[in-house]
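By written order: A, B and C. Residues from 1 in each chain.
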């Protein structure tokens, strides 16, 4: 188990390094950072000073190493917009993002998993068909369309909730519902198919044929086994929490990391973009790592399979 | 005339024996020093339990996979490196027949197109001539002309194997490597395909390397037989005498396991399974299952030695008359 | 070698007669989805002929005119926007743009992924290791974020944007192709044809690709709507297709400003997005069941 965790940790570290390298390479490919960040008509001395300050006159390999070294300490330079350290700007937005994404995650799990289990246990019933129809909508409806529809109904027509901003807790309701609804649909679909798969297995039929009470078959045999694939999808959802909030935060003018990313991209504020890229990558990697460990804990076979052969 | 000669062929695979990314590396010796000769127009049977390296030997002989060591000479010339242009140009001379004909055929193409494919690959003949030749060969292997446009899944197992054979015969090869060609077929069809192979050899003078675990069939088709155990040949010789008087204890066990009609014979039963090929026993690889094993067998690996009746046997105790009686 | 005599014949199961019979047996929802998609393709291809107005033509007398069914004039069947531009005309051009991007994006992703998958399976060793690492990396980052960073670093032009969309889900094709190619190379028809002396071009072009095509096509029905959603999301944020060009996402983004006064500006393209992605998903599900029961 320890070996398993260690090998996963190594992989996680590699991924982070990969993302950093990606950002570095893309940044260098995109042109002279001095010209990109300074205005085109900046005086040559200023550009030279900028290059020196950023070590751009060093060999590319040295630049890469110092970039990595800085990146590991969270130093991505200063935002070109307001001159503050990019990482600080990002970190102060994180709580706002978590304030809507965590309740949304709870909604996805709390709504999606029971709905999926119910649908699987009552296959082809009306409830099953309804769940599946809603989940197809969850796959195919872009979040900004759902968001605007909710605004149209609850903010514009009914006037119950505010359409955008972050002044009161009620402002968080529509973003949370938007994020949660689509995720719950996807969650329900996955849970249902995981359940159906498990219910079709011989050991379930054997257990019920042996006369084990059906309720017990479900709770002791079916659910634990269906949980394994479900954990993967939960992990993926946790990993993409921040990324998934980009569009929704923008629609509702919610002051989170996602909205910061959009404005940073629009302004080509590269330091901030890099900082966000790294925060999201670290978050994703941590989520994946946690899922891998949870997987090994849930399914003893994985430990051996991942470590051996 | 010697068509193909393989000398001291070895094929080793690196495998991970221990657990985890830092587990010990080990070597799997799938084929470990096999030498054999195939004479033009004759059949060499290759027998042994599954996992003994027979199929790997078949692929090595054709140059389908590169050997770790050893040489293959075809018609007096070295086999070109696998996949090279010279190697590809040599393919029309030697072909392979597979255990699973459905897997060996492209299920999206009519069998006729696939039968013509060797000629298309090697740019031989015009399309019209190819079609004519395909029709000829199909008749020769017992397929009907109208089956030209059929798809593999529309044919029976035996018919598919005939298609694979027809494809192999299109370029008039000198050598066919038949890797368990009948073991996936119904018993009733097996005899038909075996007879077809014998008939084709009579008419076309093709040499076969016939790989099988079925000793009765090997006995029926082979002129010479080689017995493999854990990547090595343990006994080799003329088919009739080898089956009539097997010398190596392993061969004797295999032969005595062939069901026969008539009075019960003394049977030499093998104990246990073949050892893990990653971890081959010291000395004679067979000593762990051999009822006649002595201390020498554990310490020293026997080499193939010619015996009095012109056979080759790798056994320390092959010369002891007492053992011959005991069988 | 001539191509003609090795040309794949049509599958025995898809002669014209059986196709007609199958169409008759199409589930109702799938028929509707097919009709809708056919309509979208016709609109995308014939946009120049269908356009009632130029998309930049102002009709200042009819600003924010409602659609026909909501009391508007027949002159602007889906109403007009703030500048009096015809929503119907803009919708047609947007459909063309969004489908164009999704089409080329899917094509690029499928081509790139399939090529890398074949390379990995053909060369094994280091080539395969590098490609597998790239697959892992691509799969471990949400593509939305990768796309946003690339747009931030490189700026935005239409060819770059389409190329970027082509990087979405290439790893899906690479994975599938590598797996199927490895299986075919290890045993079976590809090994058999190789043994006949065929070169890589023939093995991959005439045998492996046709055999895995159905799986790849089914995957394309997953990628296509995903790219539509991604493109419209980015365009909605103002980071995708740039004015004066317009796409479905752009229209929704623009319509969002007028959500109280003229919701039709936003509802028309939103409906098209949802119906189109839904149709392709339905069709894809159905195709998957028909063509490739092994996938998922």
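Simple rule for what comes next: a residue touches a chain if its C-beta (ideal position, glycine included) is under 8 Å from a C-beta of that chain, and two chains touch if they have at least 3 such contacts.
Just so you know, these numbers come straight off a predicted model, no measurement behind them.
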Quiz item: Looking at C-alpha means, what's the farthest chain from chain A?
Solution: B
Quiz prompt | Chain whose Cα centroid lies nearest the overall Cα centroid | solution = C
Practice problem: Could you put a whole-Å number on the gap between the CA centroids of chain B and chain C? | Solution: 50
Quiz prompt | Averaged-CA centre spacing for the pair chain C and chain A, given as whole angstrom | solution = 24
Quiz item: Can you give the whole-Å distance between the Cα centres of chain A and chain B?
Solution: 55
Practice problem: Would you pick out the residues of chain B that each touch at least 2 other chains? | Solution: none
Quiz item: Can you name the residues of chain C that touch chain A in the complex?
Solution: 133, 136-137, 140-142, 144-145, 148-155, 225, 229, 232-233, 236-239, 249, 252-253, 256, 259-260, 263, 266, 270, 273-274, 277-278, 281-282
Quiz prompt | Residue ranges of chain A in contact with chain C within the complex | solution = 15, 18-19, 22-23, 26-27, 29-30, 136-137, 139-145, 148-149, 151-152, 156, 239-240, 243-244, 246-247, 250-251, 261-262, 264-266, 268-270, 273-274, 276-277, 280-281, 284-285, 288
Quiz prompt | Parts of chain C lying in touch with chain B, wherever the complex brings them together | solution = 1-2, 4-6, 8-9, 11-12, 187-189, 191-199, 202, 207, 210-211
Exercise. Going by the contact rule at the top, pick out the chain B residues touching chain C in the complex.
Key: 62, 64, 88-92, 95-96, 98, 100, 103-110, 113, 116-118, 120-123, 127, 130-131, 149, 151, 154, 164, 167
